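Just so it is clear, A, B, C and D label the chains in written order, and each chain counts residues from 1 on its own.
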Amino acid sequence: MSPADFTALLPLLVLAGTATVLMLQVAFLRSVNVTAGLAALGLAVAALSCITAASQAPLQVTPLLQVDHLALLFCAVFCLAGAVTVLLSLDYIQCHGDEPEEYFLLLVLSTMGACILASASHLASLLLGLELLSVALYALIAYPNKSILPLEAASKYLVLSGAASATILFGFALLYAASGTLSFSELGLRLATLDGADPILLVGSAMVFAGLAFKLSAVPFHLWTPDVYSGAPAPITGFLASVGKAAVLLVMLRLFLEADLLRYRILIELTGLMAIFSMLAGNLLALLQSNIKRMLAYSSIAHIGYLLIIFMVSLDLGSRTLAIEAAAFYLVAYTVTTIAAFGLLTVISANQAERENVELHHVNGLFWHSPLLAGLFLVSLLSLAGIPLTAGFIGKFYIFNAAVSGHNWILLGALIVGSAIGIYYYLRVVYHLSRRPEKHHTQPKAAGGWLTRGLACALILGILLLGMLPQPLMSYLQSIL
Amino acid sequence: MAIWLIPFLPLLSATLLMVSTGRMPRSLTAVLGAGSVGLAALLVALLAQGFLADGQVREVTLWTWMAVDNFTPRVAFYVDGLTIVMMSVITGVGFLIHLYSIEFMWDDESLCRYFAYMNLFVAAMLLLVMADNLLLLYLGWEGVGVCSYLLVGFWYRDADNGKAARKAFVVTRVGDTAMALGLFLLFTELGTLDIQPLMVAANANWQVGDTLPIVATALLLGGAVGKSAQLPLHTWLPDAMAGPTPVSALIHAATMVTAGVYLIARNYQLFLLAPPTMQAVAWIGVATLLLAAFTALAQHDIKRILAYSTISQIGYMFLALGVGAFASGIFHLMTHAFFKALLFLAAGAVIHCLHHEHNIFRMGGLRTRLPVVFWSFLIGSAALAALPFTSGFYSKDAILLSAWEQPDIGPWLWAGGLLGALLTSIYSFRLVFIVFFGEAQTEPDRQPGWRMAGPLLLLCLLSLIGGWFALPLSGVFPENGHAQVNHSVEIISIATPLLGLLLAYLLFLGRQLSIDKLLASPTGQALKSFCLSGWRIDNLYNALWVRPYTNLAHWWRNEPIDQLYNAVVAASQWSHRTLLGLQTGELRWYATSMVFGLVLLLAIMLRNAT
Amino acid sequence: MSMLVLIGLLLVGGVMAWLAERIAVNLSRWVSLATVTVSLLYLLGIISGLPEGSLQLTPDPGDGSSWLLYLHIDWIERFGIALEMAMDGLSLLLVVLTLLLGLVAIASSWSEIEFKQGLFQANLLWTLAGVCGVFLAMDLFLFFLFWEVMLIPMYLLIAIWGHEKREYAAMKFFIFTQVSGLLMLLAIVMLAWHGQKVNGHLSFSYFDLLGLPLQGRSGWIMMLGFFIAFTVKLPSFPFHTWLPDAHTQAPTAGSVLLAGILLKTGAYGLLRFCIPLFPDLSAQFAPVAMGLGAAGVIYGAVLAFAQTDFKRLVAYSSVSHMGFVLLGLYAWNNLALQGAIMQMVAHGVSTAALFMMAGALQQRLHTRDMRRMGGLWHQAPRMGACAMFFAVASLGLPGLGNFVAEFLVLAGLFAVQPWLTAIAALGLITAAVYSLWMIQQTFQGKPDEQRSMSDFGSREMFAMTAMMIALVALGVYPQPVLDLAQPVLDGLHGLVQDSMLVAQVRP
Amino acid sequence: MGGLQIPMTHVLLLAATLFSCGLLGLMLRRNIIFMLMSLEVMLNAAALAFVAAGAKWGQADGQVIFLLILTVAAAEVAVGLGLVLQIQRRFKTLDMDQANRLRG
């Protein structure tokens, strides 16, 4: 390995180092704040190191990792998201009394898994990244082990996600059996020479696709999503919903593009079909949901549906770059928004007996006793709903443009119908936020220290900035693709 | 002289009265209300004097109302002989009625509102007749309609009054809408709404009997029929009697209801291009005058009798217009304004002095108790019945003669008019005999004061001598001198009202002829109630329009369109619940669903590959 | 730049009004009043600073720099989106109307709102800012942005300060407009990409997208996307059902803004975007659009008559009146277009006044149910007189603004579609039926002697009188409004030949 | 080499059968421990397939992946068993049908 390779791997190395340091630190000094601080610092440094690493990009580091600008961009996004999650979790985790240092360690590892996924170009790295991400998440979800909901969520996630991983692996085994390679780009080259109708290939690719679709919680593999989301601690849900999804989508994108699975038109059409069903079912399921976390879970199914549109668009060579650009922008916007939304939910739910359940009536009149929190929550909801001036809108606008450019009218129709339904349930929360407080019913002030508030403000600022001045990010995306 | 001052004065007064909202002293209110119209009347007199001296048509443009492309209606006045006649009637009779109102309405708490509406009405009516284009005329036309609505519903506490007012407005609005369509047609086809250029353009572009002028005049006729309470839109007028009696005198007898006649006369050149419409006008006139006369025979509300007689008399005017005797029509309009205002005011005096009693069968013997009123009523009835040498005699005679001279249909029209004259005479003297002769039923509690008596006397005079006025209409309408006067026709015309008087005497005063037995029989009963209800036309319209409309509104109340959207909502809620049914929370089911999904995917993939 | 300043003024004013509440409870409404007044003065200042006679010049619809004001700042180059704004006579007219009705809205909420006045006023001002943006934006993306964003403060106005069923009403309002907005977004994006194919570069500028050749199915989709978005807002039959609920539940100021201004954005959109961008398709579509307009006129009037709720009645009357606007726009001759523009202004004033009346009644009687009113004239003659005035205005009494509008529309329409005109003219009759029925149920009839209610005070009378004078002025001398709009229409006629949509009025 | 050559397809079929057994186990067993075992079977089925495929192409990759899968499976099971302990403590049962508070 050359020095350039090490530079390119710098973010991963920093993350690995952080994990090690954390373990050592816990061995010597037990302090939640120090651990969290170190974790956040490590993640932030890893994010910064992406800039250094960018000087070497794009670079194929061993057959396993393709460190290109897109990967680094998302590496940075994931690390920052991880750092924010660390800080948002502080309040939450301290209520749990016993030593929660490993929580942060797990978060760092999980982030690392996501970063590996972002640049994976080989089955081995895919497997490593995916499992690093997932296994750490099982533990994180189950972390508040005094209550039973997280436990239930974690066990469901573990069993199902394990099955999905097994499916992916089996699929890859079949692909390997047919093609003899495990590297994405090699696979693409070999596929071109093989018989496209070979059932082993077909079954293999379908199984890989099914496994990934499960991880993305696209319909019909979506049933686990609301249970896991609502059972998990809110910051972790945010992390899972944003980083967990984005990393998988990135690796799927890379796999489809580099291994050229786009040649299987039926597979892509299935993604289209899945997109349509995800958009409709996700939004419909969220429609009358009174548990906010479950609602956001269902809505995340819909968002995945929106994102899956880009695979159909990619079929059109002229629109492929635009599609990837749209996906990248959407993912960044979605990550920021989701982290913000769940982070705010963490704060809002701080006073509840059972923190995992946030019902609509819990936020009644929030606008009047915690205007700042409510205002920030409002912005994140509007961004999720895709209202202009927010990042979510620009993301949706991007996908609109991509789909129009690729002439995918049916998907556009579903996108419009889905968004239309979506408006209802997001607005319902807004309505509850702004309900007039009843006289005899005074709610205690929502918690959240200055750190949390500051972070929330920063995230919301990010959402608004991306929504109002998206050009820098767009230019950057254009330049790297 | 500033012609614009004439409508402006009442308008100004109306505005002042409205702004004051009753905080002005009552006497000042009265002075302002009646004075402004009096001043306007004075100005009209000056104007008329000037006009009679030089015969010059006066045109005044105030400003261009709006200008879009070639649609440039102006706020401008056109004063010729016809206008002068109308203005004189409006301000002259109007002033007398205002004067009378002071006493009649003195005890009413809303005196100020009353005079404000009345002045506004006079202003609008003046605009109507002075307008130099049809759009401004339409403004006046709608303006008088609103004033009529406001005044009919003046005593707003009684919901029936409100209903009558709305009926008046809506029914006339039906006609107005037709008229508006007529204006659109005229403008689209001829490019202007200015009346004089319009006439020129119509004559230049259209031949007699073309379709377009027929349609246009038919639409205008719709407006005229509505406003002038002719068949089939006459039903509002009897109900409009709910307003104060001076209002009935001014609006529903002397001025507003004759606006339709004015409209046709003003646009007579247009109507001459459309003979079928002219015939329709004539037939509508005859039909209306007969229907209304028959109906009047059966009524027992003093004001309703007068209302039906108004409808009937306007029928004569329409007859005149329909046979091309425009000047006679206008002549009858003027004399009718005199004697009908007189009758209404006298009736008002009776009602005023008799504790608001309307039923003629509870009156009686008032000849000695209210002598001034009696003589006024007698003179008015004589003029209405067209007894010789009253004003009504001259005007109605002229109409009947013109009808007779009409080729082909003339005798039929004449016969109808003649029958109407007979009936008119019968019901007018029935009224006189029942109210003023016989046993006294109710004692009057007061006598009319000078402000009531004065106008009555003046109107008596006018009703008597009005027939000798020479109207300055020669420049307006084409001359149609009566070529050969058929003496027998003339004699029959003169004799008919007298016959009617005799019949009325025998029936209602002398009781030599009794129709009690006839009325007691079932057919008689039915006939009487048929007449009393105005030939059940109200019921017909209720069944045809009113009830279907309210039913439709009731049926639609819950928004049929919204049901469509509700269905969408219900469908999405249903799918929500169905999909939610899958979220059982059981791990094994989730695993099963995954397997299903996987199998489905594999099946689709393999199926498509082969 | 001045246009940005204008919008910025309103936005900042909103924030200040919000904060002012912390200093003194009632300060915020004064701040709000001052903000709108200053904006209005600022706008008038700009206009008076324009070169002599520029208001009479015909702006080239295809070139924003020939308009009264023009602004172009690059924004999102990736998609060729710019902060592009321009003002011509039409925009000016509507912006002035917006600000004036903003004053009315503030006045109508003066004593009505007690809960969180500051935020209320802020939302009010933000709505105004959004609407001004809609009237000025010339980049379709920017237009869409304003179009959507103005809904949020409006939504909050209804959802927070509304009446009993405010959740349902606010939601319905928001979803209807949002869904139609999404269709418009689709149309905008499609149009931009179509433009890219023709012009070679992606741009969302109105001026770049004018005159594109559009045919076939995708053309129809785009045209309908715009059309539906605008007719939902207008609202036109059959997309009107959100309006009665929103109006009924909104606070008075909200109703005033909704009826007075927000509905006009729909009409503006049709006139500015839908027809000029798709002249051929609009020509083919015109009969359908006019049919919808006529249906709206009748349907709205019938339903207005069926209502027992005062505000609902007025809301349905709006549906009826806006039907005339749709008719006028698609008749596409000068007469009808001028009528439609006039209707926007006159309806804005008359309906705003009626909603103020409804608000005043509700404040005094705590009900909007007309069955529980009756004979109010006795207790409140001044209110009665005002109600009467605006009722006859809304039934189209000549001499008042609404008549000029409706007459021009119908006169223009007659040249195109005589039979449809006849049907629409039925609206004149039905308008009389419901307007007078409303007066009968509220102010006439037997008064309830037990009831005590106060008449209009001087502040309310002042607002009412101002609106009465405005309507009379519009009714007897509408020329200033017509003159302001005429150059714009001339420009549009140059773009979309009369013959394309309909025959010109014969001379 | 020599000896008995087993065709790859047969091994793959065996792996597929194993995989299906694992899936069936997931669908049918209520006990969380059996579910974890089924998971293990599925992962090992995949691993077997890799070994077979690696043998076909004569590469070490298949076996490398086998080792990786082994590790991953161990990690999963480690976390899984930790959860099993907690579940037993909180729910007093290992029947996953009882753990359905999260639904709807």
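Convention: a contact is a pair of C-beta atoms (placed from the backbone, for glycine too) under 8 Å apart; a residue touches a chain by one contact, two chains touch by 3 or more.
These numbers come from a predicted model, not from an experiment.
For chain pairs A-D and B-D, the one joined by more C-beta pairs in contact is A-D.
Separating the centre of chain A from that of chain D, both taken as means of CA atoms, is a distance of 26 Å. Centre-to-centre separation between chain B and chain D, using Cα means, comes to 95 Å.
Each chain gets a centre from the mean of its Cα atoms; for chain A and chain B, those two points are 77 Å apart. Each chain gets one centre point, the mean of its Cα atoms, and the points for chain B and chain C are 37 Å apart. Across the assembly, chain B contributes residues 580, 583, 585, 587, 591 that each touch 2 or more other chains. The set of chain A residues that touch two or more partner chains comprises 155-156, 159, 163, 167, 226-227. Looking at chain D, residues 23, 26, 35, 96, 99-104 sit in touch with two or more other chains.
Of all possible chain pairings, those that touch are A-B, A-C, A-D, B-C, B-D. Of all residues in chain A, those touching chain C in their complex are 368, 382, 387-389, 397, 400-401, 404-405, 412, 416, 419-420, 423-424, 427-428, 430-431, 434, 436, 470-471, 474-475, 478. Residues 8, 12, 15-16, 19, 22-23, 26, 32, 35-36, 39, 42-43, 45-47, 49-50, 52-54, 56-57, 59, 61-62, 64-65, 68-69, 72, 75-76, 79-80, 82-84, 86-87, 90-91, 96, 99-104 of chain D are the ones touching chain A in the complex. Of all residues in chain A, those touching chain D in their complex are 123-124, 127-128, 131, 135, 138-139, 142, 145, 148-149, 151-156, 158-159, 162-163, 165-167, 169-170, 172-174, 176-177, 180, 182, 200, 226-227, 230-231, 294. Of all the residues in chain B, the ones that touch chain A in their complex are 572-573, 575-576, 579-580, 582-583, 585, 587, 589-591, 593-594, 596-598, 600-602, 604-606, 608-610.
In the complex of the two chains, the chain A residues touching chain B come out as 155-156, 159-160, 163-164, 167, 196-197, 199, 202-203, 205-207, 209-210, 213-214, 220-221, 223-224, 226-227, 264, 266-267, 270, 281, 284-285, 287-288, 421.
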